[in-house]
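Scrolling down, you'll hit the structures one after another.
In what comes next, subunit A is part of two complexes: it sits with subunit B in the first one and with subunit C in the second one.
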Partner chain A sequence: MNKIAQLLQNNKKQILESWMQNQLADASLRDDLISNEELRRQSDELISGLARATSSGNMDNIYTPEYEPVVEILSDISITRARQGFSPRETGMYVLSLKQAISTVLEEKYSEQPEVLYKELITTHKLLDNLSMVTFDTFIKGREEVILRQTDEINEISTPVIRVWEGILALPIIGTLDSARTQIVMENLLEEIVNTGSSIAILDISGVPAVDSLVAQHLIKTVSATRLMGAECIISGIRAEIAQTIVHLGIDLSNIKTKASLASALQLAFSMRSVEVRKINKNTGFSLTR
Partner chain B sequence: MDRIPILKMGPFLLVTIQVDLYDRLALNLENDLISMVSKTGARGVLIDISAVSIVDSFMGRILGNIASMSRIMDAETVVVGMQPAVAITLVELGLTLQGVYTALDVEKGMELLRDKIGVMNDPEEDEEEPDDSND
Partner chain C sequence: MILKKTRRSLMIVMTKDTMQIVREQDVVPFRNRVRELSTKIGMSLVNQTKLITAASELVRNMLKYANGGKVMLETVSKNAQSGIRLIFMDQGPGITNVQQAMQDGFSTGKSLGLGLPGAKRLVNEFDINSIPGEGTTVTIIHWKHGR
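Entry: the complex of A and B
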């Protein structure tokens, strides 16, 4: 059995205490995000795992089965911390302060044998540096997951397909259209056309801040795909500036039905489906004749 | 299976593609369909591709070809029931099938064809014999 494993097992309490002290002493400790008991429990678990892993004699490669529990605990901790909103520094400090704690204990124990102390310190540092790399890796992965989920959510929220009438769908587009979003918009729209059997789709772009040739191309693609499915597409909500840019850029929208407002697009859709909206004299409500 | 059945329904031809089209099958279909149009003097061709989940540029071109050929033979082509994924693929390939009519399902496609060729559900129209000078 090597010295580190022995040390970790025999002096576990001491190391844990010293580590906890280090962590608590650090000004950046977020006791608002994590309680002391929770911190102690996590740390205890990690040291036990580390003691078990190092007893195998393997001190270099942390991608072996005996380190799996340790890496797992660390990954868990850093992912949880990433989600809870810890900063990278705080998460990194967690592992790095363990290094300090073990070093202190090592120093006490081998103060008479500088050579052993030096060797053991190097090994410990190497091992814990590797482990802190894992922490950072998973921390960033955790953050990226959060970002990815939010992006998905934004995409999901921003492209609702509304069934405004029997056989008429409306799709208000808000925000800039890029290829990824066009893909989602297109898929959602086509899916909904199949599900509802709608024959007219109104694409409202009043929420699109600017139309350049790329956005226009995406719109044309969506309209073509809709047409291939056997439905008609009307583009509405074209503002004056957008009309200007479209003409200045020389984009040809002549074979696409365009309307200024959603209301007029709806009116066109009604007339295409031979639906009429009219006022009833006696009542103030609307009556619909099909 | 080497051929796709072509059904005659009044003045229309109905083709339902139930398998994924490979090149030879598509070419056979093109040949069969055009000779069928000329033989029966059909006024409309309805192709149901609702069961087709994979297309390539060749298949897109064949559909376009069928439409143009039928047009020359005085028949309109309607493609119905295209899957969303298929539509997206064709658009990405730049094949927007200009000149092909499309509809959501067979029922709407039939309606569209009737509109296009001006046959308004007249039972007598069934036996019409168009002057075939277009061979």
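Entry: the complex of A and C
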């Protein structure tokens, strides 16, 4: 059996203690996020896994079956830490402090044989550096998952359908209208048309930074779907620069009712529903009559 | 013999940057970067929007037909006028008939077929180079005071 595996097995307790000390000594470790017992359990498991993996003699390729349990434990820890809001430093320190612990024990044991010590240290460092790469990879993956989930949440909340008046819905769209977003917008809108029995929907795109052919296509689709439901769609909030771009791009929106502002779209909607907006006497305010 | 000094207009690249485009999520940061650069050189809002929309079309094509690629973003200067040059490079299947692809309404993707011809109309300079089996490179330039 090779020296590292032997060391991990025979000196497990000593390594674990020293590792735990290293971890806890790191002032940045947040004990509000993980308990000492939990940390000890994880660390114990990892050393055992590492002892088993290294006993195969393979000390450099961690993408082999014998390292699977180790990589799994590490990935698990990194993903969990990413979700819990640990910093990359805290997560990376986990493996890096094990490197320190093993090195210390190696130094004690082979202090009389510098050549052996040197060789074993190099091997250990290489192996643990590889493992720390795994930590970073999965940590980032964990963070990306969080971001994706947040994106979904933002998509959901940023497409409200507003009942502006009886029979009139308004849908302010803010941000980029990609395929996934369009799906949500369309679903919300059609559902609300059914629920409220509305006959007019205003899609306001003041908050859409650019209208390229994909966005235009999505808008056209939404309008067609609305029409199939027996309602009419008005697109408002077409800014001057967007209008020019649409023309150069060659997109034909002539079949769609468009307005520059939400106010003028509302006005159109009111007149389509035979609602009149007029000023009342002495400028005391506005009144709406039907 | 008198050597006449000719004033050749030379294009100078002032800044240079590359972005990898591999998935849909890369589109928005890319567009924001283009907006940032064009704001920096003082491009008007209309011209910015034209450039960004053209860039958006090309980057979407890259994703849809070539599985992604990379874009070089440059601020350039010629005849004392500054502008933005974007070079879209992919290693996708290429386009066999570029002339056809440049026509309004031609699409192999059941789409509007307006991306390429529309992008060409939106910017000051447009150049496409495609080798079937090797990939496609599209270069666009939009000047600060473009039309």
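Side notes on the structure shown:
In this text, the second predicted complex is superposed on the first by the 166 of 290 C-alpha atoms of A that agree within 3 Å, B and C clash if a C-alpha of one lies under 4 Å from a C-alpha of the other, contacts with A are read in each partner's own complex, and residues count from 1 in each chain.
To be clear about the criterion, a residue touches a chain if its C-beta (ideal position, glycine included) is under 8 Å from a C-beta of that chain, and two chains touch if they have at least 3 such contacts.
Here the structure is a predicted model, which is why all the values come from computation and not from measurement.
Residue contacts after overlaying the shared chain place A:Lys221 against subunit B, while subunit C stays out of touching range. In the superposition on chain A, A:Val134 contacts neither subunit B nor subunit C.
Applying the stated contact rule after C-alpha superposition, one finds that A:Glu187 touches subunit B and leaves subunit C untouched. When the two complexes are overlaid on their common chain A, residue A:Met229 makes contact with subunit B while staying clear of subunit C. Contact with subunit C, but none with subunit B, is seen for A:Pro209 once the two complexes are overlaid on the shared chain. Shared-chain residue A:Val105: touches no atom of subunit B or subunit C. Across the complex, subunit C meets subunit A through its residues 24, 27-28, 31, 35, 45-46, 48-50, 52-53, 56-57, 60, 104, 111-112, 114-115, 117-119, 121-122. The touching residues of subunit A, counted against subunit B in their complex, run 183, 186-187, 190-191, 193-194, 197-199, 221, 224-231. The part of subunit A that touches subunit C in the complex is made up of residues 176, 178-179, 209-214, 216-217, 240-242, 244-245, 248-251. The part of subunit B that touches subunit A in the complex is made up of residues 79-84, 86-88, 90-92, 96-97, 102-105, 108-109.
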